[in-house]
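I've put the structures underneath this note.
Presented sequentially are two complexes of subunit A, the first with subunit B as partner and the second with subunit C.
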Partner chain A sequence: MHISDGIVSGPVVTAGFVGAAVLAAATMRNIELEEIPKISVMTAVFFVIDFIHVPFVVSSIHLIMNGLVGIILGKRAFMAIMIGVVLQAFFGFGGVSVIGVNSVMLGGGALLAYGIWQCRHLVSFANRDILFGGLAGALGIFFSGCILALALLSTGEAFLVTAKAVLGYHVILMIIEGAVTAACVSFLLKTSPHLLAGQQPSMTTG
Partner chain B sequence: MSGITFRKVVVSALLVASALTSSQALAHKLSVFAYAEGNKVFVEGYFADGKKAQNSNVQAFDSAGKVVAQGTTNDKGQYLFEVPKADDLKIVINAGMGHRGEYMLPASELGDGTDTAEPPAAHIAEPPAAQPASQQQASVDVPKPEAVTTQPTATSNEQLERVVHKAVNEAIMPLVRELDETRQKNSLRDLLGGVGFIFGFMGLFFFFKARQQGSDKQ
Partner chain C sequence: MALDIDRHAHIDSSIQRWDPRFKIVSLLILMFSIALVKSIALVLVGLVGAVILLLLSRIPLVFVYQGMKWIVLFLMPFFVILPLTYPGETEIHVLGLPFAVAGLRLSAMIVIKAVAIVLIAYTIFGSRRFDINMIALQRLKCPTVFVQMILFAYRYIFLFMEEMERMDTAMKARGFVKKADLYTLKLMGNFIATLLIRSFERTERIYKAMLSKGYQGEFHTLVEFKAETRDTVKAVLVLALAIGLFGIDMMAVFPKAELAWF
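Showing the complex of A and B:
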């Protein structure tokens, strides 16, 4: 899903950097010492997971798990993903010029996933955490897919055709990611529930 | 987060990562490989995990940035085109969904535009004029005086060179291709390097934050 160099137009690249700067400034204020180890571990996990390939029909897909990063780190997920994207660009995985776009695409998805995860406080039924975890994972990918389609729109490819291809591919990814995220949430709930972000209904504390 | 829980998270994350990456630590990167034979250019697009870039858009740009060839890869990720003139070529494959790769093919690799030429016309001596029927001898097999003269040495050396060049090229092409693919792969070592960098960077951040908080308290 990472966009490579030379595909999207100049304005999109600029918009990507501006968006990434805005989101970074908004989410990186007053980081507590205690948060740093958790952020670094999740950054490493995000970085490594993108390298794992699952053969699928004619090509292969790789998990992204930005939803899980959002669920665990809350709003700090954005910086974790941004650092991951920067490193991946140096590994040839995604372009350097589009680091901003890729960060907004994946980091924004993580933030959205966190928002959805927080919505679980509005309802109350058995297994709501697992369900919201799965939803957060799936919708994080959906958001990323939409941003990808929007960015590709600027290349002049027929939008509807591109959008259909992108979203079609991502539907499967959404289902898989949702399932994996839900499984991780259920595991973490049993072992270390305090790792999950947003124990209080407010979104400003993490 | 308490020290023990933190350690549990780190250990389990690393275990999962190493278990899953030990066999295939490969990225979804589109690699392009191209080589030339004479004036034909052969292009192949593949992802670092081995999957081919099927039905992908191919474009070749000359050194002035003009498109000299364009097409679509087959389902083996390959595309063949003829180059009109010898020039540095930039070959770009776009596999859709944000995946794009480039390959620079220098003009020196492009051939002189000719395949192994036919040997220059041999000096075939004219067959002796047909004998008048009355004078036909039993020895009908008139010896053809030197049907093929020895070719000038310069030409045959050139020819030999061209043939050898072509043969060697064909022989090493799979090797070059494999070497290129290996170079593009991200190994487990690269992965660990990336993770190490993350932890190091965060560690520095932690250190400076701690110092700042320490001096704030004073």
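Showing the complex of A and C:
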């Protein structure tokens, strides 16, 4: 789900670019050479996952999984998602003028998901990783839905009902993505736990 | 869905010969100008401009159509939602529901804008090889790290797309059918995890091979850009259109889409 060109107003477009620039600068400090391919891999996976459809009642929903990107890359997730959004625009899926808004919307969700994922160190019970993984996946995408609804609302009151519909859609998406992320995290914990961000109880790993 | 947007980049045209640095900057500005314009008349002018540019680039229209139809389909709900939910009183009723023409105008403008901008994206990225466009971005002082990551991701997307299709075939061959239940969601999670593990393992090997060949965070290239007068002329023409659209919109010569058609 991304917002398309020509919907949001000039100030929102500008705010999106400013926000994206600030977040990119803040999350990309001290980048190491070996992190570049890792971020790109996650961008490509994030891009490809977009093509997976999950059946839902009569229709189907396509996955976004920005929360998972946060769980894997930590704070570098923002850049991975931003590049995904840029590539999407370059490939003719639309959204060139809203690269900033889309980056903040999806990348911000990924950063939030990382924060929630790190909170698992504060508690200790058997399945905390799976629970927090699911929560991170669910709230990451819900955050994106909220930003999208806000961007629509600040554009004009004509979009009030559209914004409500968007929020409703994201509540459904939240449940689905939460479940998929939890399953994914549990699989990765068993097979390659080193792929997950912040496996040591510190907030500094990227 | 066409991921290889530069499939027809070999076709010779005046757009293809245009120095990519000038092309990217001037057409990006035109895109923003179209995105920010608020009246239907001006958006239509922008669309005509985009169509002319696309025709000049000689990219096969069938190719563009295949990508476009999904975007238009995706935007169709606006034609239903916005007229029915536009605030304020209306005289027209459809099936007992208030139908606001203002909402219809707004959705028409959104769709025209989106189409025009995607057409310009096809003109930029369909008329030159993707890597050359990225080198041009780098020459335009776009951060090297950023361009590197785009190039890596671009390569990996095709790789992982194939990988995903193979895994999907394997799952189907074992009798997996997607249903709307928790079991499907769990399997999708495992599917994504497997894709991740395979992707990371594979790219780690690629990266080590690159390091051993002396990769230090930059691709060196023999591609050289040389701007001539006609590159500048083309850029000036496009910029004139962009600034013209934005300027006329600022002067409010044409009414906003919410208020009137023209």
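The definition used in the following text is that the second predicted complex is superposed on the first by the 190 of 206 C-alpha atoms of A that agree within 3 Å, B and C clash if a C-alpha of one lies under 4 Å from a C-alpha of the other, contacts with A are read in each partner's own complex, and residues count from 1 in each chain.
Following the convention adopted for this analysis, a residue touches a chain if its C-beta (ideal position, glycine included) is under 8 Å from a C-beta of that chain, and two chains touch if they have at least 3 such contacts.
All values derive from a computational prediction rather than experimental measurement.
Colleague: Could you check whether subunit B and subunit C clash or fit when both are placed on subunit A?
Modeller: Subunit B/subunit C on subunit A - steric clash.
Colleague: Classify the contacts of A:Phe91 with the two partner chains as first (subunit B alone), second (subunit C alone), both, or neither.
Modeller: A:Phe91 contacts both subunit B and subunit C.
Colleague: Considering only touches as defined above, state whether A:Val45 meets subunit B (first), subunit C (second), both or neither.
Modeller: Touch status of A:Val45: both partners.
Colleague: Name the chain, either subunit B or subunit C, that contacts more residues of subunit A.
Modeller: If we count touched residues of subunit A for both partners, the winner is C.
Colleague: Per the contact definition in the header, classify A:Ile36: touching subunit B only (first), subunit C only (second), both, or neither.
Modeller: Once the two structures are laid over each other on A, A:Ile36 reaches both partners.
Colleague: Does the superposition put A:Tyr169 against subunit B (first), subunit C (second), both, or neither?
Modeller: first
Colleague: A:Leu148 contacts which: subunit B (first), subunit C (second), both, neither?
Modeller: So A:Leu148 only meets subunit B here.
Colleague: So the two structures are superposed on chain A. Out of 80-88, 116-124 or 188-196, which stretch of subunit B collides with subunit C?
Modeller: Stretch clashing with the third chain: 188-196.
Colleague: Residue by residue on subunit A, keep only those touching subunit B in one complex and subunit C in the other, then list them.
Modeller: In subunit A, positions 4-7, 31, 33-34, 36-41, 43-45, 47-49, 51-53, 55, 83-84, 87, 91-93, 162, 165, 191-192, 195 sit in both the subunit B and subunit C interfaces.
Colleague: Can you list the residues on subunit C that touch subunit A in the complex?
Modeller: The contact residues of subunit C facing subunit A are 1-3, 5, 28, 31-32, 34-36, 43, 64, 67-68, 71, 74-75, 78, 81-82, 84-87, 102-103, 106, 109-110, 112-114, 117-118, 120-122, 125-126, 130, 145-146, 148-150, 152-154, 156-157, 159-161, 164, 178-180, 182, 184-197, 199-200, 203-204, 206-207, 216-217, 258.
Colleague: Quick check on the complex: what are the subunit B residues that touch subunit A?
Modeller: 1, 5-6, 8-10, 13, 16-17, 20-21, 24-30, 47, 49, 51, 54, 92, 94, 96-102, 184, 186, 190-191, 194-195, 197-199, 201-203, 205-206, 209-210, 213
Colleague: For the complex, give me every residue of subunit A touching subunit B.
Modeller: Those in contact with subunit B are residues 1-7, 31, 33-34, 36-41, 43-45, 47-53, 55, 58-60, 62, 83-84, 87-88, 91-93, 148, 151-152, 162, 165-166, 169, 191-192, 194-195.
Colleague: So in the complex, the part of subunit A that touches subunit C is made up of which residues?
Modeller: Going by the criterion above, the answer is residues 4-7, 9-10, 13, 28, 31, 33-34, 36-41, 43-45, 47-49, 51-57, 63, 65, 68, 72, 79, 83-84, 86-87, 89-94, 96-98, 156-162, 165, 176, 179-188, 191-192, 195.
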